[in-house]
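So, here come the structures, one by one.
Look for chain A in each of the two complexes below; its partner is chain B in the first and chain C in the second.
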Partner chain A sequence: MEQRRPILTLKTGTFFLSPAIFFVILFLIVPFVWIIVVSFTNQSLTGATALNPEFVGLQNYLDLFNFDTWLTRGNFGSSMIITLEFVIGSAWIGQVVLGMGLAIAFYRRKGALREFVNTLVILCWIIPDVVVAFSWSAYLDRDYGTLNAILNLIGLGRPDWQLAFPLFAIILFNSWRGAAFSMLLFSSALATIPPSYLETAEVAGASFWQKQRDIILPLLRGHILTDMVLITLWTFNTFSPFLLTGGGPAFKTEVISIFTYRIAFKFFDFGMGGAIAVVAMVINFALALVYLLMLRKQAVYS
Partner chain B sequence: MASIVLKDLSKTFGKVVAVDQVNLTIQDGEFFALLGPSGCGKTTTLRMIAGLETPTSGTIFIGDQDMTNCNPRERDVAMVFQDYALYPHMTIEENVGYPLKVRRINQAERKQRVTDVSNNLGIGSLLERRPGQISGGQQQRAAVARAVVHHAQVFLFDEPLSNLDAKLRFESRGFLKHLQKELQITTVYVTHDQAEAMALADRIAIIDHGKVAQVGSPQEVYLRPQTVFVASFLGNPPMNLLPCKLDLAKRQVQINGSQIDVSQVSQINGIKTLVSEGENLSLGIRPEHISLYAEETAQAFPAELYVTQPLGSEVLVTLQVAETTVSVRLFTDEPPELPRRVWLKPDPKRILLYRTDGNLVA
Partner chain C sequence: MRTKNIHRIFFVITILAMLVTACAPKETAQPTSASTAPTAAPPAKEVPPVAEPIKLSMICRCVVGGTNANTANWILDYVIPEFEAEMKAQGKDVTVELVQFGGSDEELKARYALDLKAGSGNDLMAFDGFWTPEFAEGGLIKPLETIVGASYADWEGWSHISSGVQQLLSYQGQHYGVPTGTDARVIWYRKDLFEQAGIPTDWQPKSWDDILATARTIKEKLPGVTPLQLNAGTAMGEATTMQGWYMAFLGTGNNVYDFATNKFPVSGQAFLDTLNFYKTIYVDEGLGDARTQLLTDGRDRSFLSFRDGTTAMLVEGDWFWRSVIAPGGSAGMDQRNDLVNWAMMPAMTPGKGINGQDYVTVSGGTGFILNPNTKYTAESWGLMTLMYSKDSLDYFQTLQPGIKSRDDVAIPNDPILTAMAKTMLPLTTTRPSDPAYSENISPALQLMTERVVSGEMTPEQALEAFTTAMTAAIGADKVEEAK
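Take a look at the complex of A and B:
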């Protein structure tokens, strides 16, 4: 094959790229390194340590992983457990499973119902976060909310959703918001499966569940993996629940991103905030690594 | 083992009538072909037998049982698709054994039956491979093995040979016919390839615009097509159809200024009730039933030579008769030297006469 000649010399190319490289370094690499440095100090926003932070070694990390108190509400361990519940509830069940269910339900179907549901689901996805959070707030409000108006009408009373079931409220909110992505991804993946695969199975006598288990799931393996990792990462890092509950009541919905925010920007403890961010980053890296390894394994397999 | 009866079977998609009042009886153990151009409704008919489409109206009996509204799994049929539909994530063994797996047959028996069938079909050494690692012909055999393995009472084939090259197609044709004769399982075979239908089937139904144009053995439909559509669909090249004028009293037709005697045409005596004196008809004659003369001959009509095509064991001659193109097949391996103007004499016993509405009258 003929060697391709670059249309720009290395010098010109570097010149054109330099603004982008500059901003990437300024806003990504520098904070990235800075946060690691900060996590080993007692830097804060105000007070003596704001100007002259001291190096405290691993103290911030030791405080985070202080196993005597870390499961107490408002501490790191407790926040991790809430995050885990939030990820399982709103990412795996509420988005991956629900998105796949919707995609399968509308597989090779046409008509008004499909278009209607599609439009609704995608609408949920494209409306800005703040608007959605406000709508949910209004929907779940104890005295004036739509949901309680309906429940009250059929005689089920007026529970205070955001006080009594705060975690459930943000799980619902995040699922509602994100299911569209998984649905679209699985719909397009399903469309690549030739109809004859399922028809052959049908004629051979396979039931609905046998078809899902033996044909759809194995063929969508790669898509499920991709979807799962992406959604998990997004959900792990999302800050939107803050708009609905502010992390409360009593830290009950304080997922790791909100926890970081509170420590760093409400308690002004940058050192501790940095340490949490670094731990979160390590978890993200681990997830991404697992994903890449599994993708590579899959490539070898096929 | 089962016969199949289709009664007044229709299927419409919106306003499009895909299958229109089809009535067919397929005998137990018969190899039956549904033949027609693409979009004629043959595949839809097959899919209704399989249970993959629900008929708009009409009834389907498989082995005396009304199966019109049954699920595919209750019908005990096996189907082979054009793309074979082998599952890429399963080995050939898992693919072939899949119908047994969904029927919850235990692993030992499954393995035994898959091995038997695969050895029988010549793919016994490929069981560990995946579909992507074997050739098109082997894939086709694997798909057939999957259909054979669970002893269904009916086989349904949807153009199973069209993805193969010409040489493999010929091989697979023999393989399928041999297998069907060995297993004696009622088979419905959909194809648009008339040679395939003729070569394989005990009987053929030619479908045109959702309707059955003719049903019969390959010989019947080839030699006595009931309509102009069937005549021009079967044969390569198809039957010649020449406009002619009927002289009832003399039992003659006039073509290109010559008189051709039609008194030996079968059923010529019944023609009086169907046509009137002097009516314009089409004379149908197969390319191999025409003799070619260099000089003027009795019972022959003149034609202009267009081109000759030697095909090895035979020579195909194309000519012009007035506005119509005529093909003549000569069984010779030496291309003849022909003058520009020749005379064509149809075999008087092989002549067919069609009315302008396309129906056979004699």
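Take a look at the complex of A and C:
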């Protein structure tokens, strides 16, 4: 690694950074502190507590973690479990596995098929959320949806995706939506593996699975971890399932972001909404910390 | 290496310059024509202040060719042109813009709360009356007296609007806006389907059992037809509370709010009776389609299903008749007058309804409020009074007959609506003027019905969850057991 020499004095550096720091404070730190303060009050947007909020101490947090009711659907614990299922299903299993599968399938291949599939996958990723959600709700409709038309043709009936399997529906949706990122990341990671490794293995008579297990997976390990932490963060915070199910039916798809939205912007309960946001932020910090530690570790190794 | 550093410094400077430009106040725009003049900026220095262009905006959940299309047409075809002409005659250059909001009522409410809290929003806002207490308590909206001044009371229209109707947009004796009209809720049914099932088309049930019996007949005789839809679930928002819960619960002799004790009933047999009625319809016998109540676009689906003849009975307000299924409405039926009839909603058993009534209904009302943040108070109030003049509401009646707020505006030739107003308004009740209703009780009632019709909870479990949540939310001293 090259030796870093400061090109600016501390003073000049601070001067150049100050506008950025100003905006970071204004748009990140101040709201952050405000949310923490609000989470200790019963501040609301409408009603009497909008004008005269009171300090309620830890009450919002105690209500969130009220273990008598917290697993009832529509409460915090239930929402956390749904979020966990959503992250495991759509981020870890869906996006990582699908993304890696696609990357390996087209590894060291050229041609029209690869370009075609790549374009399709990346399209899924870059089309605006609302457009995607709209086409998915049309796709999954019980009576008129394309998916059920196909399933019906091959004799599998017409499952009611949005009502009977709502969580599965949003997991499918989010896997489809996000697999492109993992695919791109793994494709470029694969490109860094010296071809001689695999060629040597082939000469030695290694099978396909042996090459995956002994060469590709160990070399991709760092990238897999990075990918998982990043998409876990994104999936944890994503709001797009709202466009498909609105968090329902009966809160069955109410991931933590939708839960926060409902409390803060549908019920206008800013105090409780703030408390949820603080808990969510702590979880985000933990995930970000893991990510940063891993980056540091990788930097040390390389 | 060196060039790289220079690039870096150059980059930082560029960003800095861009930030400075972005933050600098915009050059005062010179109005090139009246229509592009800024709304907020003070008049340009050199232009004499005589013809200061004023731009007002109003918002409603109405879209030309979509939901509440006739409200949009009324405003665009009559109110705005008339007002602009009137202002021109006074030498004022006023343009009015209509913001057509296409989302749900709940989304509109959230938008209002955020707009008003931020000190902005449209000058005139279409407003559902029952939001008034919550918004007024929160300081988001202000009485007309505060915004316009004492002269607001001089408007001729007040003497033509009964005090009961004025209450729709009032809170603690203060007017916050002017109501357009009021409404009532009944059971709408398809005469053609009733005929096919061999049920008389002058149908009037006398009890919940009568409704269920009819629904069972339809289910048996007409497979593929959903016999009955009684709104439930959170997706439909207030439509669940008003068209669903209220219509059933009033039939147990209780109101959602006890006006005698100023408390909310939150437990008791009446709740279980109502929830079991829901359970019979949606869970036990499949007389209604629970999907329609749970999907996010369920309410529109229920309208379309009624239009297409796949739903036989639907409990809805007169808005359904005059706007949704009216020819040209969002689920318009050209044959509406021949195919659709209405019946009063019966109490659980005769005489068991609220106030000992045999039949029950509930009324709400919408109108427009003045935004306290408006920059043009006089003009906005002028627009409001023109909108609610007799001529203007008469014009609205030609587009969409309804029960209007002014007593000098008659319901034109619509026998169904006239009969409904005459029969139902004496029986009606209204929602409480207590912020806890819209903040806590109403959403919790919707949730309770959702838990039952989705089969997630038994009526007992759902009621227990409701009782616990509401006692905690609004205080044990403000709740009671139902009769």
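As a convention for this text, the second predicted complex is superposed on the first by the 273 of 302 C-alpha atoms of A that agree within 3 Å, B and C clash if a C-alpha of one lies under 4 Å from a C-alpha of the other, contacts with A are read in each partner's own complex, and residues count from 1 in each chain.
The rule we apply is simple: contacts are C-beta pairs under 8 Å (C-beta built on N, C-alpha and C of every residue); 3 or more make two chains touch, one makes a residue touch a chain.
Not measured: the values here are computed from a predicted model.
Q: Both complexes share chain A, so when I overlay them there, do chain B and chain C fit or clash?
A: With chain A aligned, chain B clears chain C, so fit.
Q: Have a look at where A:265 lands relative to chain B and chain C in the superposition and call it first, second, both or neither.
A: second
Q: Scan A:197 for contacts with chain B and chain C and give back first, second, both or neither.
A: first
Q: Looking at A:162 after the superposition, I want to know if it touches chain B, chain C, both of them or none. Which is it: first, second, both, neither?
A: second
Q: Which partner does A:51 contact after superposing on A: first (chain B), second (chain C), both, neither?
A: second
Q: Figure out whether A:214 sits in contact with chain B (first) or chain C (second), or with both, or with neither.
A: first
Q: Can A:224 be said to touch chain B (first), chain C (second), both, or neither?
A: Neither partner.
Q: Looking at the overlay, what does A:206 touch: chain B (first), chain C (second), both, or neither?
A: A:206: touches chain B, not chain C.
Q: For the overlaid structures, how many degrees, to the nearest 10, lie between chain B and chain C at the C-alpha centre of chain A?
A: 150
Q: Least CA distance chain B-chain C after superposition, rounded to whole Å?
A: Closest C-alpha pair between chain B and chain C: 27 Å.
Q: Residue by residue on chain A, keep only those touching chain B in one complex and chain C in the other, then list them.
A: Touching chain B in the first complex and chain C in the second, no residue of chain A appears in both lists.
Q: Touching chain B in the complex: which residues of chain A?
A: 194, 196-197, 199-207, 210, 214-215, 218-219, 221, 302
Q: Using the touch definition up top, name the residues of chain A that touch chain C in the complex.
A: Chain A reaches chain C through residues 7, 16, 19, 23, 44-48, 50-51, 69, 72-74, 142, 160, 162-163, 245-246, 248-250, 265-268.
Q: Which residues, counting only chain C, touch chain A once they are in their complex?
A: 5, 8-9, 12, 15-16, 19-20, 106, 110, 113-114, 117, 134-135, 137-140, 233-235, 291, 294-296, 435-436, 439, 443, 447, 450-451, 454, 456, 465, 468
Q: Can you tell me which positions in chain B touch chain A when the two form their complex?
A: Listed in rising order, the residues of chain B that touch chain A are 50-52, 71-73, 75, 77-79, 81-83, 85, 87-89, 98-99, 101-103, 146, 150, 156.
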